[in-house]
Each structure stands twice: as C-alpha cells, then as structure tokens.
C-alpha cells in the first residue's frame, strides 16, 4: 500500500485550494484513490488557509492527516505552523519570494522556489499556486508530469491566454524543482 | 458510471437530484452551505424548486407544506439550524410525512464552532422535539456513502412516510472524494401516495395533521406510527463489520468519519499483531443493538470501545446493548477536533494493557 | 502642523484612505505586511492639512492624526 | 340592481357547498363563523373547491378543517405561511389559503407572514384579528387595544411596557413586492358584504397568478372580551375600527396584457 | 406555614416568587397558561419583570439575555413551545447560564392534544438541542412537590450555572391540591456570580458566549461543563422509594403523575397480598441508574416494570440500568390518556402470572 | 466652527478607548470596521463604557466582542433583540446595544426586531446592511439587490421568485410605538460623519430612557461582492442608495417635561 | 313571498340575527336546544322582506332564506 | 382510610368548576386531603365541562377517578356520560329543570333537584351551581353544613347581596336533598 499526503498552506486568496484540487484530480486521472480536505476553520477571513490531499493506491481510511509527507507553503506563518509536522523523509516546497526563513529540518528535502518572482515575470501574480504545484510534482512525482499538464488543460482550458500562461508556469515550477533536487543530490 | 471528484456537500446535492423530482428548502449555514449553492444552480435545470427560506423554523414548515403534496422534498443544515426545526420535525413525524433532512454536524453546544463533530447523536436518535416519535437516522462515512444514503433516504422516507435524517459531519461535507452516481436510480416500488394533498377532486377531503384532540385518537396515531418504528427495527438496521474475527481482542463501535479513522487504527494495529474489530452502525436509528450485543458477547472480546466525536452519546446505546457483559469504554474528542489515529491507537493499547478501566 | 501616523500592524491595504484624502498624499507600499497586505504610506507629509478624512474612513482604525498648534474643528463628529 | 325573475320558490341564501354540515365548536356569536362562511361562499362562487387547500392555524380556528369540504393542512402555531409557501411552490396549480388569528400571525408567526408577503408567494391569507388570544383563554395579543384587560394584562395593556397594538396591513403595505392588502370587518351586515368582496378579490388574484393577498378581518371574541355577541360587535366599531382603519392598503399595479 | 388550595400552575408561579428576585418571560400555551396569568398579576407587586414574548423562540433568547445578568429568570411552557426553545437552551447550556424552565407536558408529537403526557422525557433528558450538554431535570408528582422542586430548581441552576428543567404534566398543572409555602426560603449559600454581565466597571470586560472557534477552546468548554455534570451525578440524584421491601415481587419505576397512580395500585395490591415496590425518580437527569440497578438486582425481584404516559422512553434508561439481569417490561398510555389504576393493576397481575413477557 | 487653541502637539484622531487593541478579522476594506469604530467613539464620548453591554450577532461581526472594552453577549443568529430585551428589562440601568447584519436582522431575526421595536424596548440597534450574507460565503439576503448575483442567486436575484429587497427602516417606521429610526451609510467620509451623529442620537435616546432606536448603516462586502474596497463604496452609492434612501424615518415625539 | 328557516341544530342563540333584521321580526326562544342555547325564532313571517341580512350575519350559517317570485338583488354579495 | 370522590358536570358557564372548588376548600377546612381536577380537554368551547373532587382522610394516590362515588350533573349529556360510571352505593344529584331523564340505576341514591327553577325563583339563574352543591352536601355530608356555609361566606363574601342569595340557595339545596332522601327512605 503506497500513500502520499501533502498539505498546501498559505494566505487565503493565494489559490491554495485550487492547487490541491488539481493534484487530487490528477490522482483520480491516474486511477488512484484520493481525498482532498480543506481547512474551513476560524482562519477563514484574511487568515491562513490550507488543504490536504491524500493520494493512495488503496482505500483511504482516516482523512485526517496530522503528519503529511509533503508540504507546499506559500507564506511564513504556514511554514512555521506546518514544517515541524512533516514526516521525516518528506518534501517541503517553500515560496521563497515571501518566506525569508527555512524549516531548519535536515531530515526532509526542502526546495526554495521564488514563486512570486517567477509569476510576476510570467505576467500574472495569480499563477503562484500553479508554480508551486508544478514544483511539488517535479520534486515528488506523486503524479506524472503528463497527467498534471493534462489536468491543467482540462480544468483551466476555458480562457486560452490564461491556459497558456498556466501551462508555462507549471512547467517552470516542475523543472525548477527537478534541477534544484539534482543540485541537492550533487551537493 | 464515471468517478468524479466531488465535495461531500455537492455530492449530496447531486444525489438528491438523482433521487428524482426533488424540491429543496433551506437556510445557509456552515459547513454545508455548498449543498444549497449547488442546488441553486442545478435545480432550475431539472425543474425542481429551490427556496432560500428566511430561517430554519420556516424551512421545517415549508418542508411540512411541500411534503404534504407527496412530492419529494428535503433540506440540509447544521446543528443549530437543526435545533430550530425540532417543532416542525415533531409535527411531520406526527403527520407521517416523508422528508429528508441532512445535518452536517458541527461542534456545540450553542454557536460552538464550525468544525466537524458528532454531538447531535442524541438529538438525532432520541428525538429533539416533543412527543413520541422517531426518525430514521443514517450516517455515512465517505462521500460515496453520503451519496448512496441520501438516495436511500428518499426511498425510506416514502416507504415509511416518516422523516429521514442523514447525518454527516463537517469533514464529510467539506472533503472531496471520487464518487460514482448510478446511471439510473433503481428503486423498489413504493406504495401509492393516497394521502397526498392535491385538492379534493373526486374524493373526500384529506387532512394532513398531527392534532388529535380526542386522546384515544391521538393514542391511535401513536400506535400507528410506532408500528412503523417496529417495522423499521425489523427491516432497516444497517451496519458494517470491519475486520471482525475470532482473533479480535476488542470491539470498536464507531460511526461516520470517526469510524474511518478507527479503520486506519485497526489496520495499523493489525500490522503490529493486535487484532481489533469494528462495528460501524450505518443506521443510528434503528440502532444495531442486537448485533452489538452478539459481537460483544463473543468470548474473545475483552472490552468494547465506543469512539465518537462527542463527550459520549452513542456510548449510552452501546452500553445498553452490551448489558454489562463486557466493560464499555469511551474515547472522544469534541469541539471540532477530529481525533488523529495516533490518539485512538494509544487509548486502545492502554485499555488492552488494562491500565485504564472505566 | 498636522500629520498622520499609519500603524502597519492594523493596515490591511484597502486603499480607502488613499481615495479619501483630499490632498492625495497617501499611497500604497511596495512590500507587504506580516499578514500579507500592501499598506498605506504618506508620501508627502508637508501637504497634510489634518482634515482626518483618512482616519475617519479607515475601517481598521490604523490612522492617528496629530496637530501642532491651533486646530479648527470643521465638522462635529 | 339585478332582477331575477322566477315564479317558483328559490333558495336565495343557504349554507355553501364548500361547507361541511358540522356544527362549529365556536362560542355563540363568535364571528370566526361568519368569516368561515364567506370563504366557503367564495370557493363555491369561483368554483375552485376541488383544487383549494386550506392551511389551518393554531388558535380557536384550529379545527377549521372540519367545517370545509376541501383539503387541509394543520400548521404549527404561526407557521401557516411557511406551509403555504412549501405547498404552493411545489404545486402551483392548487389554490392555497391560510386562515390565521392575530396571535398566530402577528405574534409567533410574524416572520413567516412578512417573508411570504415579501417573496410574493402567490397564496391568500385570511387574517382574523380579534385583539386577543381566544383559544388559550384570553391572553394579550400584539393587537390587543391599549388599556384592554386580558388574562396577561390584568391591569390593562400598558403601552409603555407592551407597546402599541400592531397594525399588520400598515406594516405589510410598505413592502416593495406587489401584493393585495385590505382590512375589513364583520360586525355589521354592510361590513360583511364588503368583506366578502375583499376575500373574493384575494382569491381571484391567486387564480390569476398575480400576487400575494392578505385580508385582515376585524373579528369578535365575546367570550374573552367578557361581552355579549351584540356588545362585542359594538366594541369592534367603537374601540377597534378607529385604530384599525378599514380599507385597501396595497394593490398590485394593474396588469398590462402582453 | 398554612395550607392553601392551589392549582399546580399557580402554585409553581408562587413558588418561583418565593425563590426570590425572579423575572419571567413566556408565551401562553395550554395547559400551563395559568402560570403566566398568575405572574402577570403578582410580579408587578414584588418588583419582578413579566414579559409576554412574541414566541417561544424569543422566550428562550430573552432568558439568555436576562440570565446573563446573574438575576433569577424562568419561563414555563408546554411541549411544542419547549421544542422551539431548543436552540436557545443549547446556547445557554454552552454559555453556562442558570435558568429554570417549566414544561407542563401535553400529548404529542406535533400539535397532538392538550391532555397530560410524559412524552418529552427524551427531549428533556438527552437534550433536544444540538451539542454535548445536559439539563438538570426534576419531575414532581404532586402540587406540593412542584412547589418544592421549582424552588430547588432556582437553587440548583445557580449552583451549577446550568439550565434546570422542571417537568410536570397537564395533570400536575391543572389539578388543585393544598400546598404549604415555607415562610422563608432557606437556601444554602451560593458561589458569587462573578460571571454576571453588569457593565465593565472596575474590571475587565466579560463575555457571555458559547462560541469558541478554536476547537481546543471549545473542547475545553465541553470539558468544564461536563465536569459539572459529573458533580451533578454525584450530588443531585433524587428519588423516592415507596413500599420497597424484601417481599416485593416486582419493582416499578415510574415518575410524576404516573408514579402516584402506581402508588394507588401498589396499595391496592398490597391489600390483596401482592407486594410491589416503587422507585420514583425525582431527578430524571441525573438518573438514579445505580439505585435502580441495585434494587432490580435483589433476588426477590422477578421483573421490573416501567410505567409512563408515553410509548416508552424512560424505559430505555431503566433497561440500561438493569443490564439484562431482570426482564424489563413497559406499560404506557399516550396521547393524553392518564392510565387508570385498574389498567396498571391488570398489567402487573398478568406479568406476574408470567402470561406476558417482553 | 470651533477653534481649539493649543500650542503643543495634540492627537486629534486616535483609536477610541472603548476599542481593544486587537486587529479585526474583517477583510480589507470591509466597512464593518468603520461602524465598529463609530460605536466605540460614541461610547467614549457619552462616557458610558462601564455600563454598556453589547449583543453580538451571528454574521461576520460575530467576534465584535473581541474589539470592544465593554461587556458582551454572543447571541444565537437573529435573536440579539430578544437577548437585549431580557437584559435591558432586568437591568434597565445598563446601556444595551445590538449589532446585527442584514441576514441576522432582516431574515432569521425579523420577528425579534419588529417585536422589540413594537414593545418599545429601550435599547439601541446598529443594523449593518451589506446586501449579502458575508460570513457564510455570500448567499442572498432579504436585502440583496434585484439582479445581484450571489452564491444562492447564481442567475441574479429574481424578484418574481425571491421578492424585492426588504427595507427595514420603512417597515419599522409604520409602528405606532415611539422609536427612532434612521438610515445612513459609510461609503464616503461625509456619510461617515452623518452616521456617527445618528449613532450618537440613538445612544442618547437610550440614556434618556426615551425609546427604541435603530440605525441602519449601508455597508460593503468587497469579498462577496467581488469588488475592490473602493469599487464597493461606489456600488453602495450607485446601486444601494437609490433603493435604500438615507434619512430619518421615525422620531419619537418631542419630550414634554413635566 | 320571502321567508327564512332557522336550523335549531346550528343556532347558538347569539342574537346577532335579531339585531341585524331591519324588520325586527326575529326573537329568541324560551326553551333551549340540546346544546343548552336559546334559539332564534321568526315571530312575524308575513313582514319578512327576504333581505338576507339575518343570514349574512349568522355566524353559524343557521339561516336559509327563500323567495317565491321575483327577487331583487340589492347588493352584490 | 375513608375517601370520597365526586364529579360535577354540565355545560361550560354553569359554574361547575366553582362548585367543585368550594367543596375542595371545605374539605381542607375540615383538615382533610383534597384534590380538585378539572376537565380541560377538547370540550372547552361551548361543550360540556366537568371536574372531580377527591376528599380523603389520608394521602391521595391516583388523582384519576374513573368511577366516582358521587355525581352532580347539570345537563343531559353529562348524565348520559357519567351516570353509568358511579360506584354502586353512590349518589347522583340531577338538575331536573334541564334533564328530563334519570340514570335508570337502582344501586345509587338519585336525587332530582329542580335547580334552575329554584334559582329563577331566588332571582338569579347563576346560582344553580350553589343549589346543586348544597344538595350534594345535604345528600352525602362529605363536609358538614356549617363548613359549607363558612366557606361560601369566605369565598363569596365580597358582594353582600350575592352572598345573601348564595347562602339562601345553598341552604335550600341542602334541605331539598335532605327531605328528598328522607322521602326515599320512607318510600
């Protein structure tokens, strides 16, 4: 039984929920069992938001994941809150444009992605979430690159310009993480 | 049938539509507002009525009016909203009206919080309203089961002319899982609705009421509805056994989201060589009392543990079922805390070590 | 001489003060606060007339207005 | 003036068809009975008995369903407009009316009637204002007159503490949603004739799928007012009608045919 | 102390006044409207507030507001009215407010009838509202006891900062019996009401609430209120034993009016040489579970009979208490029918002949 | 025009005393914050902080008690006027105000506010009308504008089905019981100044034990309207204020001193 | 020729018809009905003009009015 | 243990409840246990009303009396309904002014009191209930004549004229029953 759990966390409005849902759809697309769980708690207005996605080869029991394998964080409070909970051997993707600290953990793979910078360069700050998602998939291959691209096309294909931009930044995020990982492995 | 990823709330809404010819009356409340938001879009497409009422008190009574026509009607709400429907629910039970009520429970009492809880068990199964009546109470543990039980709910409501309550918690409502909808809802035949209010054309006038000023008539009404409750006890007890075997040292009784978490714990402990079984009531009323009694009585079972997201409500029914034959323990978290598998596991191990007795 | 102090801790970057200021001397920051908001800044303190319209408008009571010397109360508030 | 020529004996006034033959449980002289009959006559005249559904309140008229040959629902106290909303929305072909007392409609059920009127639910409400809770033994209602002694205002209604009587027609007529709102009375034959007309208009509006209609009828409660039926009709004239002026309060705009 | 003849409803009203400094908010409903009618006259004389609210929903919430000041407040109603208060009751329990609610029960469900019933046992003892909470529930069997328990109710409400429910039936409310009022209500000292809302003068602001968005805070609130419930279980179980002896062949469990009727039956049967004992719960919650278990377990007891004016509600708790050690039978009438001693007697004799088993 | 001479530096505008120092949970630009501050300033100016009790609604302002240095009750949804009635009746020396949203007051809590106003309960209501259910994620309110898209009116509010928006000031001002009813707005500084005055009048009425007062404030919900805060203030001007005219709707008769 | 029939079974003796009759030809019985009420009686049938005011007023629909020959409809009812 | 139960029944408005209450007060006055139970059921509006009074030397168990020892009936429907339930050896007081039938029971003492006629003669139809109460006490002596007179004075002593009249008719009822009984015994 192989199961992967990842938490996406950041400010409300940063597209956290969408990123998680895309991953869940990608999981289904690959015939896996998935659960997507949002936070809908007191943090609702202007605070932090997070969601967790579980992708598994078999029936998913508890949908409550306190110690995920993966973490994708978009802001500093989220890093501080969630980084200590990541399982040893897990992966943390950090939006280094907004977060000037790191997790200080050496039992996980931590990848710093300057997502806001990349997004602004690409022309739309709203694509930060897609960059981070791309990076996460690049780092973990929980789903394949092709599935991810497919899903982005399926779910975000309404406006042509936007789709193009999203495909581009997902790709950038993906390869950014890949090369960062390679660099780590080499280092 | 295709598998699609859906939020529990939306899946429930879609399931209701698939049940056929439904109408919806509701008032928004977290964590289930998506049910209404989904239906506001979808019902006009299928010719169903969508009314956002001014309050849950009004909702209960709109259901009363609409259900009396024999058409399928339902609502969804969460704990405080359901409290406000208690008078109307009692009336509908008394007037024998089929109606489906979805309660996506949140932490209480009072305004409490909006996070998942299972603390409306008493209200649901013992009747929060006045008078002698019962609701059929179904408790799904996954989005797919929420779909299945919602559809079943409409069927049972019609079959017994009685309100049916489907209770989930915020987790069931908010999480997304893949679901399948049957291409066609295959439903056993139902009795004709000769009681439906349609205007007194070609027949004597019909009256939908719960008022019987003559005590003998009122008692008679109670006897009639209680005969149905006996039928439900005979026919509608539903539950799941998970890894129940002669090797079990403990029987867990748990429902809904909480039962899923217990399954993970059971899987984990199995790997560690500790065998535990789970009896998951799916119908909370009628309650699988005899089934629990039988399982608990088996000689291999040392103790029975009830796990709920409450301070302990269903445990009273489990206690009653077990009749003192085994120690009945309780573990629960409340207020919106969904216990993690780790804490449940710890409690089980402590109990089996005999370190903790009730 | 009048002046305003904008408390970064309260400001949520709604820009209502910017719109309200008759002197058009408020604008938004480039960087963000701990809560993730751009915040309001005074870019030309010398032109402030102490009219308080910014403060009156601020939904987060982030603005303090001070005055050195004689103050004319323009409206009863 | 119409002339009906006929050489045989004709019945010119009899119990309406929509009425059952039961004797009501009302006290002698209680004008609930008159209002019932006017509704039944209207149903007869509009020929809608077979598609009419009444919604009974909780109040002295709780047993109204016994006296009509139409389908009926018995509502929880004050909630008849919610039941009628549910009913009419899912079965718009039915003609739905609620019959409610002043405690039922103006006190516990205020929210339901205002919101139904505001949504423009296309049913008809007969609102029987007798300035008291008849059924439960004469307690103060929101419509009880200043100074009026009831079992819960033993020193007379004190407007400083209990406020002034509520005027439902005035309240509802501020709503922007189209509706028909009229106040009438039944304490003299002339008023009864006018009431009949108002009730007919209200049902006709519904048949035409036009708007929500509410007819407030000033009624008597000889028993709890402690008056004879004849004195009670005088009390309506002297005490109630100055504070509750009769008339049409709101009309839907004239329908433009397309 | 002098004995005066009073209707139960009026005696309850007078008892509340004697409890001291009370205020009353209510909406009329049969069969208890005399409580309010009496107070409308009397409260202005003693400086108490009397408000006739627009509905029972408003009543519950007026109580909430008034109780938060630390003053003694109460209401009275009957079954459908109490259903409408369920949301507010849950809130008040969550916010830990002392308040007394009198429910003079009538036949249900729905509008039912206005005659005496005991079919709100579940609603009263399990909590008709949402969330984890409990009410202290007291059930008098005579007008005098209605007086005593009403006064005690105010005391317990203050002692535990929890709503107290006094439930009688239409019979208790309507019948007249001679009663005595103590010249002075002798009440044990109570803790200071440092939680009372009085304006934030010379202290930090106080907040009366049941909202705890942080689940850990909400759980903490639940733990605090449940600690009180444990205290109540330890201190506030009340019951009466009537002719309980080693000669008893049967134990009857019955409360309120119904228990009185059982006493007549027991007296009659005693004369015929059949010995029966009665355990009459006075506090329905906390429930005298252990006491019933002990009595039922005695070797002379052949069976346990629960008699209620309902289709069988308390019998579930009796069943749980007895743990299958003796057969638990039920006899009840509903809808406003008060069983006559003769029918109860007949049932007992049948059961003891073994002609009828559950 | 007043002149305040002072040679030292003075703070002419700062956070009011009755405010706590917490950052609110409101969305950026949400005018709930302005209205909060105006109430706090009024409490300061009237020097009533130590005897004021607020009643919080359920709605986005559910946590209002965190932001004030006064005692507070947290009410069930819509029932704040009932809580305030209970509170004020048994403790008439307290200054009691409710703070309620449009869903809270005009939808589920309609009956409570109308009856409190009709009984003439001597407390003060601040009614924040933002034409939507903010807290639960933007569902249609009774006050939602015709055609307005919300999560439960995805095709725009259809007045044929949902009726026209409810105007609470108009509704309440028909009551015979004396009261003070005014509608104001906070989308421009000028309006904010006027709102402050209205709120002050409302509290003063209570201090004088005069009457019930309700101040309806047109407010914004940038988040659920899908607009920026600045656009939202414009939307109040263009869309809301024509349908919800500002002004005083009802005043108690001038007090005759005895 | 007009005339009225008062059904003793329905009449509760409220006297509203007595008051309503413009001809003052109705009065109350001396004896009581099964339900314990005095009931309304016509004491001078010859003067009845068939105006229906008694019937319109009766809360218990106890009165039937009949007419032989031409009938003038005085009001729309 | 000696216990007496009596049901008063008639039309609403005939003073049934008051008569019962007076008897209950008289019982208390004599130091007895009493219960007074009204009917408050569906018969409320314009129908029949009844109440039952139990007077006992010791604690009263069941307040529900289906078979009373005494019956005081003011109208025919009440006689038809309740007369069959009276315990053998009991007493029935019948308002013969309004009831033209009898119970047809020969195991009870049945006394026909033309109460309306007496009342009209006394000048007030509203005193029918006092006549019937007087007659009941005369026939059964459940409480003493003196107690009854005492209580009438205490409870109805507000308006002097009315009190006089009531005392007179109670006395008349009392003695009417006494002589009727005597006649029966002789017959």
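Should a chain be cited, it is by its letter among A, B, C, D, E, F, G and H, assigned in written order, with residues numbered from 1 in that chain.
We take it that a contact is a pair of C-beta atoms (placed from the backbone, for glycine too) under 8 Å apart; a residue touches a chain by one contact, two chains touch by 3 or more.
Owing to the predicted nature of the structure, the values given are computational and were not obtained by experimental measurement.
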**OP:** Could you let me know which interface, A-B or C-F, is made of more C-beta pairs in contact?
**Re:** C-F
Subject >> Most widely separated chain from subunit F, with each centre as the mean of CA atoms >> reply: H
**OP:** Please report how many Å separate the Cα centroid of subunit B from that of subunit E, as a whole number.
**Re:** 28
Subject >> Rounded Å distance, subunit C centre to subunit E centre (Cα mean) >> reply: 60
**OP:** Could you give the separation in Å between the centres of subunit B and subunit C, each centre being the mean of its C-alpha atoms?
**Re:** 54
Original post:
If you average the Cα atoms of subunit D and of subunit G to get two centres, how far apart are those centres in Å?
Top reply: 24
**OP:** Return the residues of subunit C touching two or more other chains; collapse runs of consecutive numbers into ranges.
**Re:** 12, 35
Original post:
Out of subunit H, which residues touch more than one other chain, so two or more?
Top reply: 41-42, 46
Subject >> For subunit F, residues contacting two or more additional chains >> reply: 26-28, 62, 74, 76, 107-108, 110-111, 115, 142, 162
Original post:
Okay, in this complex, where on subunit D does subunit B touch?
Top reply: 49-53, 55-56, 62-63, 65, 68-76, 79, 82-91, 94-95, 111-112, 115
Subject >> In the complex with subunit E, residue positions of subunit D that touch it >> reply: 58, 62, 74, 76-78, 107-108, 110, 133, 135-137, 139-140, 142, 151-155, 162
Original post:
Which residues, counting only subunit F, touch subunit D once they are in their complex?
Top reply: 107-108, 110-111, 114-115, 118-120, 142, 159-167, 170-171, 173-177
Original post:
What part of subunit H is in contact with subunit E in the complex they form?
Top reply: 21, 24-25, 28, 33-38, 40-42, 60-64, 66
Original post:
Of all residues in subunit B, which touch subunit E in the complex?
Top reply: 57, 79-80, 82-84, 86-87, 90-95, 105, 107-115, 117, 119-120, 122-123, 126-133, 209-222, 226, 310-313, 316, 319-320, 323-325, 333-337
